[in-house]
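Working notes, beginning with the structure itself.
We call the chains A, B and C, going by the order they appear; numbering starts again at 1 in every chain.
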């Protein structure tokens, strides 16, 4: 291995370990159980932000509809939990016992067919990943094979987020409407509302997130990752180098959708409900800002960005609710105008050189840029 | 779903819904015109477009309050004064925003989208702080209220007619400005080749600023017209932004006729469906159809074939 | 009536943009190992002709047969797989990647989504990249980000990206445009070396360069063939002198 690659890999590995320590040791150590559940909730958004780093940061595809996939994953989980909570005994006061309460309120007398398979946990787990990925495939296939990209793609995904929200709210009997699917209690008999369950779920979520990030790092450092960067820059050159550009875009969009779905499912488990307010235009674009604040090109940064923005949101809206929108709006503008590489960019240009000056011995100091011959970058 | 109605009733329903659709169509056209100029001609996505519109609505609200208390005699013309003021208020804000924000981002369309979304959040909160969270309604002059009876079932509301007349006037004005005036030629020159336009002596920065201001000003007029058929709240603008973008994209971004035609199609479909389905399902069906068509024909309905 | 002895046969090719015929009933043929130069005034349809062959633009009518396969019905990446490589007029490289990565992406392995995921940077890849880098004078720049290269070096890199695919038909759009004199000499030398043993279509305005390399010259004017033959033949054609060479 030769220096440039080695260094980049090492930084990423180091960042990953620090993140793992922060999420698995530091946060559970210093935060009380109630706040830890809150942090766990924020971390479910980080799945979406990580997906956006791949999609938007690497490949330049900005989706303003990632809430769709987060929501679909969350709804899949919620449907399973709701069915488990709606046993005939628990719902015997309803006119039709054994179906979810909101269906009964909406005069449904039988479980809709598309709910049936969600009696099975195995099916549900597959659906959490497969349903978002399948929808992403349909959207991606239609758009990318027709060379739709950039702002058009952003607007269409936003429109789809709007449509799905209206649909979920409108079809109360099937979806729980604007309130969503609430009052979820147990997972295979295990009460998810207790403090100990919430702590366990926090760790499950954290491990899943770290796993997803590790997988994403692998994808990004494969040739596929470099092709994504290449097509962000010169799509035509990639095409005329013999690649089916649309297939690569579809892949990364589906991948991002699938991991967003996992985030949604973990959200449902930790918070105990799912509602359309996590699907629509506003949450979707907020998730983009989580990613942008962390640094659109940094998988690790996306997690810190998500935590920071949500922590800010919670703090602000507790004490100065009217200021929050100003702050959020300012954040959108600042991150675009002043810090396009977000936290990761700040770290790279200010903190890292500082470290380097303190820690690194002169012999290891990097050569000045462009000075002398650089060694061929033939890694491994 | 038609079985419960007689033929004459059905005819009247279609006529009334059609008219309601025409009013919706007018508002869509007004909103989309500004966006078509900014997006179609400049390629800038302005997610705060709805908020510029709402600014026009609030200006109209303040204006009508002012006339009511200070000069009731002038009330009948208050609406037109308000409309002119709305144009200049939104236009001026638009030019400020172009100067402080947009002009740094012409080469980064996706970032423009995020920055203007941030701007829209700030404006919404500003409206909430200044005007309160409750929706406000504008008091219309006497003569604008009421309706004209056409047959014993069909009645045509006057304010709807006025909105349509205003829309027609502004559409014609925009078409003249963009395609018949020197300014329009400059705008198109800058869009097609910025460097060359600069080289032949066009002040491209000024053209950008005026174009953006014009688009925002038209949004302000749209907001003003909007007060005649609905009340105004801090986040009313956001409700329409997706529809408006779909109208513009569906029509084929660069074509004014396309914008008008697509506004017509979408509004008619939605208001006709609304009578038979629930409002939300009508909207879902309309938007799904539009998105579906856009997936099959992403360049929109009216677009020229060019070498790229 | 396609003659299979030709590597590429273009027949009756037409494309119109809103009624304007950029290429109008164009026919020409390229033999194996032939260096075929296309010249003509601006707007003659030269670049559009290349766009049509590589699939960037779709023909309104006509056929393009490459080793008896119809290119007009294939997707861009399939045309590349069939053995047609294209260099663009402006250097088209990936600025955010290193020279090594630029060449590696063009290496014809791991072209499907899952192939790219499983792709391993083995000794064979490294050797091939090093070999090409040597050829395009960039052996010392492999780990540099491509955006820091000079204009000429970028042109070479793009040529290298084509070479690594070893195409049977290479299409070059103004390969020496915008280069310094010394770069131009080096590029001419490079092109002389790489065009051996394959067919090449070149668009070029530099007449000295054209005379040096061309086996056959096609002169385009307003989307049609004005004259065709050896350089000497074309140069003596009065119509060519009038519309192109004269000024």
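Note that in this section a residue touches a chain if its C-beta (ideal position, glycine included) is under 8 Å from a C-beta of that chain, and two chains touch if they have at least 3 such contacts.
What you see is a predicted model; the values in this text were computed from it and never measured.
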{"item": "Most distant chain from chain B, judged by the mean position of its C-alpha atoms", "value": "C"}
{"item": "Central chain (by mean CA position)", "value": "A"}
{"item": "Centre distance in Å when chain B and chain C are each reduced to the mean of their C-alpha atoms", "value": "48"}
{"item": "CA centroid of chain A to CA centroid of chain C, Å", "value": "43"}
{"item": "Chain A and chain B, separation of their C-alpha mean positions in angstrom", "value": "34"}
{"item": "In the complex with chain A, residue positions of chain C that touch it", "value": "54, 56, 75-77, 80-81, 85-86, 88, 92-98, 100-102, 104-106, 108, 110-113, 116-119, 121, 126, 129-130, 133, 139-144, 148, 158, 161, 165"}
{"item": "Residue ranges of chain A in contact with chain B within the complex", "value": "56, 60, 62, 64, 139, 142-143, 146-148, 150-152, 154-156, 158-160, 162-163, 166-167, 169-170, 281, 285, 288-289, 292, 322, 325-326, 328-333, 335-337, 340"}
{"item": "Interfacial residue positions of chain B with respect to chain A in the complex", "value": "45, 101, 104-105, 108-115, 117-125, 128-129, 238, 242, 245-246, 249, 278, 280-281, 283-284, 287-288, 290-291, 294-296, 298"}
{"item": "Touching residues (chain side chain A, partner chain C) in the complex", "value": "2, 4, 219, 222-224, 226-227, 229-230, 232-234, 236-245, 247-248, 251, 370, 373-380"}
